[in-house]
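Right, I'll just put the structure down here and ask away after.
So that you can tell them apart, the chains are marked A, B, C and D in the order they are listed, and the count of residues begins at 1 in each.
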Amino acid sequence: MPAMTLYDAVGAALTEEMRRDRSVLVFGEGIATKRHDLVDEFGALRVRNTPLAEGIIAGTAVGAAGSGLRPVIDLLFAPFLCYAMDELVNSAGKLRYMSGGQFSFPLVTLAMTGAGWGVGAQHNHNVEAWFVHSPGLKVVMPSNPADAKGLLKAAIRDDNPVLFFIDIGLLHQPGEVGNDELVLPLGKASIVREGRDVTLVSYGKTVHHCQQAAEMLGSRGIAAEVIDLRSLKPLDEASILASVRKTGRLVVVHEANRLCGVGAEIAALVAEEAFAALKAPIVRLGGPDAPVAASYPLEQAFVPQPEAISAAAERLCHRQAA
Amino acid sequence: MPAMTLYDAVGAALTEEMRRDRSVLVFGEGIATKRHDLVDEFGALRVRNTPLAEGIIAGTAVGAAGSGLRPVIDLLFAPFLCYAMDELVNSAGKLRYMSGGQFSFPLVTLAMTGAGWGVGAQHNHNVEAWFVHSPGLKVVMPSNPADAKGLLKAAIRDDNPVLFFIDIGLLHQPGEVGNDELVLPLGKASIVREGRDVTLVSYGKTVHHCQQAAEMLGSRGIAAEVIDLRSLKPLDEASILASVRKTGRLVVVHEANRLCGVGAEIAALVAEEAFAALKAPIVRLGGPDAPVAASYPLEQAFVPQPEAISAAAERLCHRQAA
Amino acid sequence: MAPIHPEIDLCHLLEQMQLIRAYEEAIVTGSAAGKFPGTCTSVGQEAAAVGVVNALSGDDLILTNHRSAGHLLARGADPGRLLAEVMGRSSGYCKGRSGSLHISVKELGVVLTSTIVGAELSLAPGVALAQNMLERAGIVVCFFGDGAACEGSFHESLNLAALWNLPILYVCENNQWQAFVHRREAMSRDHVADWAASYGIPARTVDGNDVTAVLAAAQAAAGKVRESRRPYLLETYTYRTRGHFEPDDQAYIDQAERQSWLNRDPIALCRDRLVADGCLSPGKQTEIADRVAQRIATAMAFAESSPFPAADELTRDVYA
Amino acid sequence: MAPIHPEIDLCHLLEQMQLIRAYEEAIVTGSAAGKFPGTCTSVGQEAAAVGVVNALSGDDLILTNHRSAGHLLARGADPGRLLAEVMGRSSGYCKGRSGSLHISVKELGVVLTSTIVGAELSLAPGVALAQNMLERAGIVVCFFGDGAACEGSFHESLNLAALWNLPILYVCENNQWQAFVHRREAMSRDHVADWAASYGIPARTVDGNDVTAVLAAAQAAAGKVRESRRPYLLETYTYRTRGHFEPDDQAYIDQAERQSWLNRDPIALCRDRLVADGCLSPGKQTEIADRVAQRIATAMAFAESSPFPAADELTRDVYA
């Protein structure tokens, strides 16, 4: 299988879907400059640069999606979604329901997020939980190029608005991507490592930190199961619950702030639905209630690291032994 | 003690704080029209109507707060905060930290939310969890006029940006409010009913639903403790944990969507910090992953009702007995 | 006075305006009696709605907002299904989920109605883009208020529409009020049309209380958009004679200003001219009044007898 | 050529421009070597920054954005503390938390810097309101790009500033680019100044590569704001000669357009005129160059020897 970066996997998904369906178009601040291969193949009407105005980019996408097109928009960095909240939350997320089902909004919004570039809190702010909390929206965040391609293809084919978050730290890391036109269903997590002692649930770059933690734990005789959520809404509750019912222990890990994050949702889900299986407290590892600093050491310190994850998991396992 | 509505309690807090501190000013779409008594007392410069543009209202407040004033802004209904997210989240919440502490932002944002007026999801959408998730912001939501007055006074005196949510359903219900200048500290929950069997945690109008549920439970021999959070960030973790350590059972109730809501945060907190005390699963009652309909019966069905709360609590208690 | 356009009978426009007025008054009465929630009525603005909507083709699309009854009824919406929607009944155009503030009727080309002030401006370019990309002939008409013109989405929308050559007829209903704030307190200019020129978008302000003037200006404007496939802004200068939302004591209103507009009531103006021109006999007046009253009575009966949505509607239609 | 303003020595402006250029070039080199993150450089725009900042009083306040080095250095910021900030060191003006994109220096009156394009426009009215309410004399200068002018906050900000009589000097640095998009692809007009007129805000476009022209225009503009306590918009028409952010291959750039601007390099223009006027001897040129090189070397040494923030800085200064 050829290796490509997540950036290129996104490009491949766009190319395949634009070939497949003439109603797919992409626009955003500079996307026609950066992805000029798309302009070459599909023309300037289907691949457009826009004015620097996130609200109207998103609003135009919502209007177009509600009128028969399938737009993909690039809003660059997640904090810039703040300028598009009305269009995404109040229009895309609600107008279907409020109109009694008269409209649907097949629309994908791309945004980058997370540590890696030292650009500070106005570029690096993981806000995916906002959209999980808001009705009518789906939320996806892949951890590798192959998933990114398969999930983006599914997102483009989905008849609902999908927020597609790209972890900056993973953007230029290569990974194997099949040549086949694989479409990964939204709402299906991936068990990236099996284990019976403790479940580590994560998404985005911290999936890799969980895998490293699982290695460390393995060397100490603890078998960790690692779940990559891939899609945050719909959430693959069944896979999470099945794993915790097996292991009895749960560590949820993400880069986003802990308070009211996706980790809180998963912990609450498990405390409600798999309580009887729990052998130890649920641990959440996530960002503090602070913006992210640009300074490299602080930026790194914000993100849960493999050592902290394995230490937390080990504590849970020993606790039960004790 | 005189009775006043929550609307009037807000007015009383504004009046007292504007008398006390000349740097307090209020502005918003129509606030000078609706609260003309404030204009009469404090003049047109400190009480202003604005253009219909939430972004610049909030941005102006952030700029003013960072420059020596203490603005209170009225953004009307919570979904309209979508137009002010950049100003609130990226500016008010982050610029203190990102500037290395050079600025502070003493700023209060008022917004109404919740069921009661049959106005649909673009006026009724409980988004308080977004701001709990976002760094640098405090979040308050009172359940009665006296608390509203005391909390608003504290919010105005606080040197941080505070989101102050007002439950529409409570706006015109009278309650007793002391004449004294009581200031309620942010971050302190109120135990509105003591009990040893189960803890009901809530905020806003569903506090009253919990109290009614506690009455019902009482008549069935179950002593429920009811906690009114009052402030969602800072969150009074100590009071919640102390109560659950006593009762061993927790039901969290709110009107906002369940997914990644404040209830998820509290459930996760308890599953982590008070796991050993838990005798039963944690139950969350919250809105479904759907916008709120205007139609009265659907609007009511969205909100957790006393019957459902007491039934959930009762199941938890019997479960342990069984 | 001859009709502006051969096919359009001015008596028909008068009847539409009377229907709108009667519909709004039925809501005022019903909501005051506590029978259903109040609404943002369009009383006083009937000519602005009727003049513009009658200038459109059947394949044109309309975006409207919270104050939409005039646009919907002029476009041919059934007052019964509208009232049912206001009452939150399942027979409403949006199954009762919208209530009065965000009624869309896709079958009539009234699409994506949002009550977020400024949202119609943010959605319109995408609707127009789809018309272009899917090679549909109809233009897009975007109704918005003077208040909406103060939102940033106004600037972003006009800039994009000008840049991308989108076939949008922007119609600003400048009714002097932005809820409880007079436009003088909110706008640095008196006319929204002044703002359009700086994007290179042609614009015009028309007397919004004169239905024939509005019709003529809208026909010219729509024609221009259809032909050039570029945006145009028409400002209908008018007045909201009732409150922002029912009930509203209007204590904050300048009564002299209101009276001067009441003296130019669009229905009375139109009727007086028709009578003066000998085109409206007393008999025909009665006929129209009776027909309107009958339609509203039927509509009210239909709406009131319609059921509320079933409980399982709570989570239906959230996702496609 | 005599200095425009008695107190302002044109050689001093030239030196400021050279300092800015040398500072940016040091960053280009250091970031290309992987020593620290790249930045949005202001190369080619030095005259626009220096001309405006030197027209201000010490009590005026400045809001700037991601491309701020020129504004900060012209205002007297220490290049060492700026470089330390770029490198994320604790001796930076923002303790390393900002990095290059949002540097505020309150002690110099450079306040509330945000890298959200358009945020400076949304914050400026509040800063100006505080100046008025607290009876402070200084005016507020808001630097923003042609890209920021496309955000809705531009419209909302100008409307409010005009309506509330706020003492804001809006300075649009129209550098032809909005990151990877040419302004022609993003703006329905060529000049942002055209948009100001419709709010009743006086506006002017000036050659942004001619430091004396910018200085004169900014002095007149600032004077007008100070006197009228009303807004004014000055557009400095200029060009970003390097990429949007380091590194940037500039493959998307029209080289002929770039070359025509390179031919009008603001530093060369100023130096040539001073030489032609006999105000700049070769000796003085060397003196300036040496002083600039020395300052940058000292600054670089200071920044590189500064420590990174301690781990407990992670959660400090979040709340007051």
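Rule of thumb we're sticking to: contacts are C-beta pairs under 8 Å (C-beta built on N, C-alpha and C of every residue); 3 or more make two chains touch, one makes a residue touch a chain.
As the structure is a prediction and not an experimental result, all values here were calculated from the model.
Q: Comparing A-C against A-D, which pair counts more contacting C-beta pairs?
A: It is A-C, judged by the count of C-beta pairs in contact.
Q: Based on the averaged CA atom positions, which chain is farthest from chain B?
A: Chain centre farthest from chain B's centre: D.
Q: Could you give the separation in Å between the centres of chain C and chain D, each centre being the mean of its C-alpha atoms?
A: Roughly 46 Å, centre to centre.
Q: Any idea how many Å lie between the Cα centroids of chain A and chain B?
A: Those two chain centres are 29 Å apart.
Q: What's the distance between the Cα centroids of chain A and chain D, rounded to whole Å?
A: 36
Q: Between chain A and chain C, what distance separates the C-alpha centroids? Give it in angstrom.
A: 41
Q: Please output the residue numbers of chain B that touch at least 2 other chains, ranges allowed.
A: 50-51, 53, 55-56, 79, 82-83, 86, 90, 97-98, 120, 122, 135-136, 288-291, 293-294
Q: Can you tell me which residues of chain C touch two or more of the remaining chains?
A: Where chain C meets two or more other chains at a single residue, that happens at 96-98, 102, 114, 116, 118, 150-153, 156, 159, 163, 185-187, 318.
Q: Take each protein chain as a node, join two nodes whenever their chains touch, and name the resulting shape: line, ring, star, complete or other.
A: complete
Q: For the complex, give me every residue of chain B touching chain D.
A: Residues of chain B touching chain D: 23, 25, 45-46, 48, 50-51, 53, 55-56, 58-69, 71, 86-87, 90-91, 95-106, 135-136, 138, 159-160.
Q: Under the stated contact criterion, what part of chain B meets chain A in this complex?
A: Residues 79, 82-83, 85-86, 89-90, 93-94, 97-98, 120-122, 125, 127, 129-130, 132-136, 233, 235, 256-257, 259-265, 267-268, 270-273, 275-276, 278, 280-284, 288-291, 293-294 of chain B touch chain A in their complex.
Q: Enumerate the contact residues on chain C facing chain D in the complex.
A: 150-156, 158-159, 162-163, 185-189, 194-195, 197-201
Q: Provide the residue numbers of chain C that touch chain A in the complex, in ascending order.
A: Listed in rising order, the residues are 61, 92-98, 102, 104, 106, 111-114, 116, 118-119, 121-131, 133-134, 152-153, 156-157, 159-160, 163-164, 316-320.
Q: Can you list the residues on chain B that touch chain C in the complex?
A: 29-30, 33-34, 36, 49-56, 79-80, 82-83, 117-120, 122-123, 288-291, 293-298, 301-302
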